[in-house]
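Listed after this line are the structures, all set down as structure tokens.
Common to both upcoming complexes is subunit A, partnered first by subunit B, then by subunit C.
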Partner chain A sequence: MNDLLQPWEPSRGDRFDLAKAGHLLRRAGYGGSLSLRLDLVAAGVAAAVDRVAGPAPAAPLPPPERLQDVIAFGDIARVRAHRVWLALHGEPVLRTRMSHFWHGHFATSNQKLQDPRAMALQLATFDGAGLLRFDELLAAMCRDPALLRWLDNDGNKKGKPNENFARELFELFTLGRGHYSEADVREAARCFTGWHVRDGAFRFAANLHDDGEKELFGARGRFGGDDVIAAVVARRESAEFLADRWLRCFVHPEPERVEIDALAAVYERSQRSVYATLTTLLRSRLFFSPRARGAKVKSPADFVLGTVRALGAHAAPMELAAAMAALGEAWCEPPSVEGWHGERAWLSPASWLLRSNFVADLLAGRTGKLQPAPAALFARSKTPAEIANRAGVLLLDGALAKNDADHLAAVAAAHGADHAAAAVAVLHAAACLPDYQLA
Partner chain B sequence: MTLDRRSFLQFAGAVPLWWGLRGGGALAPLGDDRTLLVLELAGGNDGLNTVIPVDDERYARLRPKLSVVRSGAHRLVDGTALHGALAKVHGLVTGGRATVLHGVGYPRPDRSHFRSRDIWHVADPAHVRVTAATTGWLGRAADTIARESAGVPAAAVGGLEVPLLLKSERTAVPSLRRVEDFQWLSATARGPVGSASPTRAVVAAGERAGGTGDDLRAFVAGTASRGVALADDLSAALARYRPKADYPGGQLGNDLRLAAQLVVSGFGTRLLHLSFGGFDTHARQLPTHAGLLAQLDAALAAFVADLDGHAAAERVVVLVHSEFGRRAAENASQGTDHGAAAPAFVLLGGARGGVLGPVPDLGTLDDGDPIATTDFRSVYRDLLTWLGIDAARVLGGEHVSAGLWGS
Partner chain C sequence: MPFHRSLVVLLSCAASVVAQDRSANQKALLSLLPDEAVAVVVIDDPRLAVTELRAALGDVPPALREHFGFAAWAGLAAAWIAVDGDPASFAATVAGGGAVVAVLPAPNGPRLIALLRPNDLAATEAWFAKFVERTPRATYGELLVVGSHQDLVARMQRRFGEDGPVSRWADVDFGPPAPLRSAIDLASVRAAAGEQAKPFAEHDAGARFLLLPLLHAATTAEFATFSLAGGERLVLRASAAASARSGSCRDLFAPPTASGALALPAGGLSVLRLDRSVRALLAQPERFLAPAEVLAVQGFLSIADAIDGAHSSFVDDLLGGLEEPLALHVLPVTPPPDAGPSRLQLPGFAVVARVKDPAVHDVLGRMAQAFVLIANAERQQRGQAPFPLRTRSTEAGHGFVAEPLPWRGPGDPPIEQGLSPTLWFENGHVVLASTYDAAMAMVAATRAEERDARGGDLLVLRGPEWADAIAASRDVLETGRVLDEGETPAVAKRFFDVLLVVARSLREVALHVECDDARATLELSLDRVR
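Right after this comes the complex of A and B.
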């Protein structure tokens, strides 16, 4: 294994501290309360990775709690709020994180489907199979009613193929542009003829399936959809494509060739296990290196949910989902089949303002009551300097520059004896620091 | 508008360049409040069912089901007709206030939404991969007109992501959704953060520190400072506007009203982009496509009426385009798949009006699609030149005129 992906081990000068625990929780989940971060520090890096990743899944996991209730409501806002609730409270955190990674990867939108049940079931499939072997997940997705309808495979039939599904399967899900030909797209579309949806469930319509000979990636045969899946996941380009996506999500927005090659090799050696690949990555020297830390712009979910989790608070999932949508990340409605673009595209002067305003509204109780109240976290912080440092620990793992600490103390001092107002104002100001936009 | 000394020098410096490029055309002297709005029909608008070759029998043969749109279509002079939902746009075309350009595209068309959109945004058909350093054509244009005065030279309307075409090297480009979003709210009091609040010093100090730090932190700190400045400036400027037309409900009407508000309030925003999605009509496209075009027609008509009411229409030009058209032949799902060249529309700005370019030749298809007869960069070239911007610099080379303002 390449050195980059060897397990990182702490040393005297480089401990598994609050900043590293915070980094692990921000990337593998949606951040964590101070008490959770302190627990992970005490447990050490190996146990911390085990805790965020949970045990290795051998078979699809059962659907999340309350799924049937959410489906019964039949309202996409409920589906979205349920996902927020899972991101705030679900364990292990990596499971939910990966479900939302796959949501961006397969990027199905309810704006076209108008079918909250199908959306909820697709997301539950990610919860269940998102950490299994990638070919198992892909086989499930190629039978997923929401995805089949999203990409018009319902109209893909013998003699009149619709290429949309096959094209996006190659371009966006497995290979990336340049690693397949237009002829491969046409032939793969024939392989998926008859993969339809009836009564909300997958149905293989044999009479609409083209079972003639096809030529795919240079091989000939009377291929069907499962042959396409087997052929595509076996291609080296597919391993590299996924490795690149995971590195972008978990490590750095611009992965280097050597990193992609190393992670692709881990993935291939693990028989394409998503769990094995990601736990290797999350434990690695690369993951804890300065190159990775603070290298990403927080997504709206990272920012909104991370703020609530950092404060150890409860807040209304519906309100939080609405805030995320206003910031450009409406789950169940990705902007296109490409998902969300992320990174610097998340942040413009306007969206920075909206982020700041979200925190102001949250702390002021204007987005519903925050429990516990923010000031309760400052019971033992009396002076302006103590309040400033406490906010730095809560929101930034204590990594506060002297200059920033002084400015935050000035914010606290401006509120005089009003301790609660000082706490709220300092938390808001700390969330306006550049570092708070970074994950 | 008033100019401080520095921006006057930049402005004056642009004049000879502009006259050189114009070749001494008969336009009014350059004003620096000319504005371009790019309206992108996202998903791949079906060009052949938008500007319909009604007199070409091959069209009906390629599209046995979808060619029903010939009935109710509005005829143009060259044997084509606009979709029935585009009545008001048709009036603008026949009235000489809008131009239909046939067959706009680029060589060796790419049928991926993203790659084709990126090609249009970067203005380079050979463009390979987007990185942090990639800039868009409007972003590069913004860099040539950016001034240090309070204005925002370019903005994305309606979304929160800044699209690739507005990515620039040096100019902060905000994305705007609603005017009300642009107060910087306090956590401890109702209303905005006060002008003397110490929280302002936190943001300002962040930018000073970020200036010496790594790229990403500097980017975030600069964005934060501009966010605060945006809130302070924009809320004041936008309060001056009152709409003079009834915009239709829905996102597109809202976005175009905000665009008009930016234009009319004299905020100095000269390059605007907005996206109107849903055109990826692979299946049962007739009602979907008609509905989208009807929204487009109503919203554009309101936008024109509003600008007319503010006597601003002749200093604004609108480009309406899509990343590609759709296959000439319909598919089996009563829809159409990803195609290539397609018509574009240019409204207002004193452009020539009417129809420009040859009617698509359905007898000579390239891999099932009409062949582009006008390179999209020729369209960009005319628009940039009209704005008084060095088109060759923005586009990285010379391109022939598309003839939008005469030859």
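Right after this comes the complex of A and C.
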């Protein structure tokens, strides 16, 4: 294994501390409360990674709690709120994080489908199979009613192949541009003819399937959809494509070639196990390196959910989902088949102001129904410096620059003896710091 | 003490002791109140009031007691000890000769002042000293003055000693005798609310239409009076000398009908009937609505009229063919027989009206077919199965039923599998219902001819029936609380535990609003399961 992906071992000068536990929770999940971070520090890095990743799944996991209740509402806003609830309270955190990674990867929008049930079931498929072997996940997605309808494969039939699904399968889901030909797309589209949806479920319409001979990636045969899946996941380009995506999500927005090659090798050696690849990455020297920490811009989900989780609070998922949508991340409605571009695109003068307003409203109780009130977190902090320090620990793992700490202390001091107002103002000021916009 | 003030107090004392004239008693107390009070509560006979209210409210349901938290138990126990286990006797002790409570506006929230005439002043003072010692209070003769603020109590004391004018509240009509009566100076409340108190015409069209009598009274009447009575039922009555029937909106009220409206059938959950004419509103929207609202109505009508093409007018032929007011009935959940029920089960909804012109059958039939065609086309675009529309008939009636195809998809059936929208004509009535069963239940009600003689607006809720409907979808509704309110699953569960116990203990809650040519009256009644 490449040195970069060797397990990181703490040392006397480089301990597994609050900042590293926070880093792990922010990348593998949506952050965590101070007590959770302290628990992880006490457990040590290996146990911490085990805890955030959970046990290795051998088979698709059961659907998440309350899925059928949410489906019964038939309301996309509640599907979204359910995902927020899972992100806030679901265990292990990597399962939910990966579900939302795959949601951006196989980006499907309810704006076209108008079918909250199909969206909820697709997300449940990610929950169940998101950490299995990629072959299994891809096979499930190629039978997913929402994706098939989203990419028009419902109308893909013998004699009139629709290439949309096959093209995105190669370009966006497995290989990336430049690693397939137009002829491959055409032939793959023939392979997926008859892969349709009926009564909300996948149905193979044999009479509409093109059973003739095709040529795919240089091989000839009477291929079907499963042959395309098997061929595409076995290609090295697919391993590199996925490794690049995972590095961008978990480590750095601009991964280097050597990092991609190393992670692709891990993926291939693990028989394309998503779980094995990601746990190796989360445990690695690369993951805990200075290059990775604070290298990413928080998405609206990271920002909104991360703030609530960092405060160890409860909040109303429906309102948090609405806030995320206002900040540009409406789950179940990605902007295009490419999902959310993220990183620097998340930040603009307007979005910065919206983030500031969201935190102000959340802390003041105007939105989100936050419980308990922020002041309760500062019961033992008496002086402005203590309040500032406490806010820094809660939101920034205590990694406050001197001038930021001074700024927060000045904000606290400005509220005099009004302890509750000082707590709210300091948390708001901390959440508006540039460092807090980074994950 | 100035002569006139002394006379008032002396006369009232004499009336109380000699003639037991409670009305005179209260008049004396009212005459002492500050003029700027905006609301006053009068309790003629506190012992009777407590006895009647306790009889109406009944005991706390045993199933509810287990949900009391420690704080609630401790509070109740403390209150019970404080009143020596006998609230009626306690009320007689502290205010047996009557009481008035006034609410005064203030920048930091309302202030309260209470004038009590205890049966046992010494015992009352001792009680205050023992349990609420810090409450500002003072005695004057046989009166006890209790206030939310010390300066208010001191001011009342000074007023006893001044030769000031008799308070305007002495002349206010608090309505017929009742254990507890109140009057609110709406004009002063509106003045205190300033710009927030919008005139009637500035409220949005929906509120003006739905709440017409109440909103009109609240925005124009000088005073509103309230009374609370107990006994068999708890009844809150409110009345104001302002009637929308005498104003520019009088034509929005439905014309009177000879037969009265259908009563809520047995087993039904709710009925909502508004004494309004939708036809009058849509026929001449410019008479009642602002220009922007008129445009919205015209936009709606352009679509509504297009559905039946040139054959009919939505206002003249459809609404004109029905007798108003329309009534919405909510009926029990009836899960579809051919599929497992959805986890969220809707009760049945049915709008029922008497037919004035039989030609409306054809109009409604054509519109139903066109509407289902449009809805099915949209469902097809979403990959959802259509609701085929079928005609059905019985010996006495006929209609259209749109039934879903059997559910063969993954998981539980969606909520719409429980629907079978039905348009039915029978017994001189038309019923538009969310399910065939709901339509048939209403048809049966038209045959039974049970009528509700009450005119005006009416909302009836039956607690046990609602409890059954909520229980049928409880898991989903709990999830709704978790997602919407951010409650933990345990808190959401407790919310519905309490809600169901409360609902099962209320036989019926009814809200009735009526206008004659001079007054608007509201009656809210609550009837416990005995």
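The working rule: the second predicted complex is superposed on the first by the 438 of 439 C-alpha atoms of A that agree within 3 Å, B and C clash if a C-alpha of one lies under 4 Å from a C-alpha of the other, contacts with A are read in each partner's own complex, and residues count from 1 in each chain.
Keep in mind that, in the parts below, a contact is a pair of C-beta atoms (placed from the backbone, for glycine too) under 8 Å apart; a residue touches a chain by one contact, two chains touch by 3 or more.
The model shown is predicted, which means the values in this text are computed figures rather than measured ones.
A.B. asks: Record, for the superposition on subunit A, whether partners subunit B and subunit C clash or fit.
C.D. replies: fit
A.B. asks: Would you check which partner chain A:Ala201 touches, where first means subunit B only, second means subunit C only, and both and neither mean what they say?
C.D. replies: second
A.B. asks: By the touch definition at the top of the document, which applies to A:Ala234: first (subunit B), second (subunit C), both, or neither?
C.D. replies: neither
A.B. asks: Check whether subunit B or subunit C contacts more residues of subunit A in the superposed model.
C.D. replies: Of subunit B and subunit C, B contacts more residues of subunit A.
A.B. asks: Figure out whether A:Lys160 sits in contact with subunit B (first) or subunit C (second), or with both, or with neither.
C.D. replies: A:Lys160 contacts subunit B only, not subunit C.
A.B. asks: For A:Ser336 in the superposed arrangement: first (subunit B), second (subunit C), both or neither?
C.D. replies: First partner only, subunit B.
A.B. asks: Contact-wise, after the overlay, does A:Ser351 reach subunit B, subunit C, both or neither (first, second, both, neither)?
C.D. replies: After superposition on chain A, A:Ser351 lies in contact with subunit B alone.
A.B. asks: With both complexes superposed on chain A, which partner does A:Ala81 reach: first (subunit B), second (subunit C), both or neither?
C.D. replies: In the superposed model, A:Ala81 contacts subunit C only, not subunit B.
A.B. asks: Based on the superposed arrangement, let me know which partner A:Leu363 touches: subunit B (first), subunit C (second), both, or neither?
C.D. replies: After superposition on chain A, A:Leu363 lies in contact with subunit B alone.
A.B. asks: Could you grab the smallest C-alpha gap between subunit B and subunit C in the overlay, to the nearest Å?
C.D. replies: The answer is 9 Å, the least C-alpha separation in the overlay.
A.B. asks: Return the residues of subunit A at which the contacts from subunit B and from subunit C coincide.
C.D. replies: 154
A.B. asks: Residues of subunit A touching subunit C in their complex?
C.D. replies: 66, 68-74, 78, 81-82, 85, 113-115, 117, 121, 145, 149, 154, 197, 199-201, 314-319, 368-371
A.B. asks: Can you tell me which positions in subunit A touch subunit B when the two form their complex?
C.D. replies: Subunit A residues touching subunit B: 152, 154-155, 157, 159-164, 167, 171, 177, 182, 253-254, 294-295, 297, 326-328, 335-338, 341, 344-354, 356-357, 359-361, 363-364, 401, 403-404, 407-408, 410-411, 413-415, 421, 424-425, 427-430, 432-435, 437-438.
A.B. asks: Report the residues of subunit C in contact with subunit A in the complex, numbered from low to high.
C.D. replies: 342-344, 381-385, 407-412, 414-416, 473, 475-476, 478-480, 482-488
A.B. asks: Report the residues of subunit B in contact with subunit A in the complex, numbered from low to high.
C.D. replies: Against subunit A, the touching part of subunit B is residues 42-43, 111-115, 131-132, 156, 159-162, 172-177, 181-188, 197-199, 201-203, 205-206, 209-210, 216-217, 219-221, 223-224, 226-231, 277, 282-283, 331-333, 335, 337-338.
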